[in-house]
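Consider the two complexes below, in which chain A is the common component and chain B and chain C are the respective partners.
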Partner chain A sequence: MATPSLLLLLADGRFPAGAHAHSGGLEAAVAAGRVTDLASLEAFLAGRLATAGLVGAAFAAAAHRAAVAETADSANQARPGRRSDAPAETAARSGAPAGPAARSGALARLDAELDARTAAPALRAVSRRQGRALLRAGRTIWPDAPFADLPATPGGAHQPLVLGLLCAAAGLSRVETATIAAYGTLTGAASAGVRLLGLDPYQVQALLVGLADACDGTAADAARAADDPPERLPAAAAPLADIHAEIHATWEVRLFAS
Partner chain B sequence: MRAHARLVARADGRGGTALVELHGETPLLLRQTPTDGGVATVHLVGGAAGPLAGDDLRLEIEVGPGAAVRVHSVAASIALPGRKGAVSRMAVRAVVHAGATLHWLPEQLVAAAGCAHLAESRIELAAGASLRWRDELICGRYGEAPGGAVVHTQVDYAGRPLLRQSLAVGPHAPGWAGPAVLGGALATGSLLVVDPSLPAGPAAVEGGVARLPLAGGPATLWTATAADAHTLRAHLTG
Partner chain C sequence: MRPDTVVPSAVPAVEPITPPPATPPHDETVPHTHPEPGVDPHPPLARAGRALRVGIGGPVGSGKTALVAALCRAFADELRLGVVTNDIYTTEDADFLRRAGVLDPARIRAVETGCCPHTAIRDDIGANLDAVDELAEAVGPLDLVLVESGGDNLTATFSRGLVDRQIFVVDVAGGDKVPRKGGPGVTAADLLVINKTDLAPMVGADLAVMDRDARARRGDLPTLFLSIVGDPTATSVADWIRHELAHHAALHPPVVPVGPA
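Showing the complex of A and B:
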């Protein structure tokens, strides 16, 4: 059973996965003159939450779903006292296939589906880089978690997939997993806003407080969507996120990695 | 209004393309126009205003092995409000076989004030199929804020996901006009070019248009935002 502390630990920007190095596209939006003050930062955050936030949260939730289907299966097998049809029941109830092969198949499919939702090569690379950083932390903290079932994609698995497995290993629920993902898309860009624009940190926190309901709503939508077939997971697009990311990737000097 | 249209093309064995099925219903009518060098050309002719909320329009396209089809439309479609609470829907389903080519280059979709529209395209490409697929969305007629519109595009290549994107604008799409999504641009769109004979170039951005090589197949997505429809089209001629 998850403790509130584990939820807080994984959502914390100080969790050693390099989140502080990324601005979530804000640095390029600031350079383009599109984000200049609190009001435009708020619009940026709302749009980012509804697009990249929703998609990332849905994929983290779907990866969590794949991981939990298997965890229930092996937990039941580890306890011979339980009825032998329990794993099948669990799988049927969750609607997901159980077993390591099914899980690695499901994760590979999710990885390809997320690629198809990430048109900009720079954003694909960033997501995989953040996935690798998170995986290093996860392997040390939860050495028994099934990270080996992540697809062996060049560059590593996408960040939301790793996050989903990490949260499952921590015993968090699917909606908690989606909340951490959605929340991370907001807080990273918000704290970058303080640094890039010299905004008043109290006022930026007030913005985040104002967006908390939208963040919870996005996480709830994402957690529900995770039951859909992978091709029907959210695909909310943001043309400027793609354009900004490719411009940012060409800069020689930048404060943030993305 | 409900309408269903269907277009099936086959290679005619002499280097050309025959349209073995071509039928539509008002307001979704298909007209064959003079063939352009072995490519069968078809125009979508709107037989009524709209789409109006409540309309349900479906178009199926199948391009057989080795055949080539180009689809245009004679005018922009303007999504308009209709019955209260109703949604207009334009669903295109295309299957393109090996060695076949589909060019889908219709005029722009305009999301008028108060509309509730869903444009949904699902495209299945066999390995070795080619595609040019353009989606352009204009947010509102002159000087008006758009209603709700979602342009959803789902493309598979050789059984693998190639592109999934769903662009939402209007009062129910948080932040759509803001700096994370369109940044105040009133026109946006993309041109997907799938061509197995063409090596995908590196990503690049010029002005308001980005060239994005995709991960799932021999494909490049051009994506653009622009101040107006004319500038957008200039970006998306690929």
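Showing the complex of A and C:
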């Protein structure tokens, strides 16, 4: 069932999951005068990819691992033609505990671990808000996906967890899941840069092309990291981004939700 | 900050405007007893299954916020009301509504649109749907939710996944050619409001031309001329919404809780 089209569909900024309303911290960085042009936007994006991008992709990959663990055997036999472009995936499947109870337990641990990696309360709330938005889309599009196994955290589950389940429901691989997560952290902020700074959209796309290898590398690292237990997943962070997020949340007027 | 519990001050709890559905005839031929005569043992019925959601769109400065305020005034003692605004929303806007005594700020939710006001009401409506849900969680069930779009241009339109009905507001000061220009708001909104008619003589707008063009664009869909200066409760628009509410109540009957058999 996995097709390149489904990968593209889920990575598309037009997928209705609320991405257009989030700048990935760029609105606050622009207001602080730290991002003013293409060069500073590129530095911002590279930093975001290495921190929020890596962590989000690793947790999406780990949620994908939890989602496919239960059905791994039957799914593999039912879909012999299914691509497996994550070398570690087979091992992960066999190594992961099976069953819905194990899955909801794994997702709850991932949710708590991602909470611990998100120092700014504003960013925790934003991640849960984006998770709710993605879940709203996912429940309509893949009504049979095991979203009920997500932890019933107040505010909803973190976005990368929902993304992992959604990508598994779409039949995507773990690496594809991590790629969508990492790519989303780049394109959302890049698009916000066009809107906030009036940058040349062709040059911003060229900048994204320049970051494509780094994005793929981050996704591959994240997919590999998902073999580790939740407490060993990446914990890269940017204190300035946390401070910006907290300040942004106090603004009277915001154009972006984050 | 979202209060956990909210005591609506400006909008008191009021009796339903829609009469409760007729109960089946009480069969007195079957032997039965009333534990407490005169006391209904059943929990009160919920009202219409969910609030009617009405989108209010239109160009910048056409008077969307003023219309929202007028409707809040009109429905203050009549409906349980919530407002979701996609406009750039300042504490002054909230103060405006609060000072006017028309809406408790707890009944207003602002949605950030990331500079994409079209997208938030049409292509990617999740944040607005969340805001509608959060209002109901914070202040209890609602009869009517007004969803105000960000100030935009003539091409904006609401998704049917977000609102049940949409009102498009243009104003005479925007030029009397606006209805002729069309666009989905003018041609297809369930109600077109041509606002600020009191300014028509000052800006040289010909209301007859606007009326003729609106009819040509809209066929049988209604158009109302409005001056909130002259009618601070926007009576004609409020009456149109009352009519739509009655339809909505018929389509979304109250949810009757199903108990164990």
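Everything below uses one rule, namely that the second predicted complex is superposed on the first by the 236 of 258 C-alpha atoms of A that agree within 3 Å, B and C clash if a C-alpha of one lies under 4 Å from a C-alpha of the other, contacts with A are read in each partner's own complex, and residues count from 1 in each chain.
What we mean here is this: a contact is a pair of C-beta atoms (placed from the backbone, for glycine too) under 8 Å apart; a residue touches a chain by one contact, two chains touch by 3 or more.
This one's a predicted model, so the numbers in the text were calculated from it and none came from an experiment.
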item	value
Partner chain in contact with A:R48 - chain B first, chain C second, else both or neither	first
Chain B versus chain C as contact partner of A:R254, first or second or both or neither	second
Touched partner set for A:D12, first chain B, second chain C, both or neither	neither
Touched partner set for A:D227, first chain B, second chain C, both or neither	neither
Comparison of chain B and chain C by chain A residues contacted	B
Which superposed partner A:D216 touches (first chain B, second chain C, both, neither)	neither
Touching partner for A:H22 - first (chain B), second (chain C), both, neither	second
Which of chain B and chain C A:R136 touches, first, second, both or neither	second
First, second, both or neither for A:R124, with chain B first and chain C second	first
First (chain B), second (chain C), both or neither touched by A:A241	first
Shared chain A surface residues [contacts with chain B and with chain C]	none
Chain A-facing residues of chain C, complex	88-91, 111-116, 119-120, 123-127, 129-130
Touch list for chain A against partner chain C, complex	14, 16-23, 129, 132-133, 136-137, 192, 195-196, 252-257
Residue ranges of chain B in contact with chain A within the complex	152, 154-155, 160-168, 173-183, 185, 188, 190, 203-205, 208-210, 212-216, 221, 223-225
Touch list for chain A against partner chain B, complex	25, 29, 32, 34-35, 40, 43-52, 112-113, 115-122, 124, 214, 230-231, 234-243, 246-247, 249-250
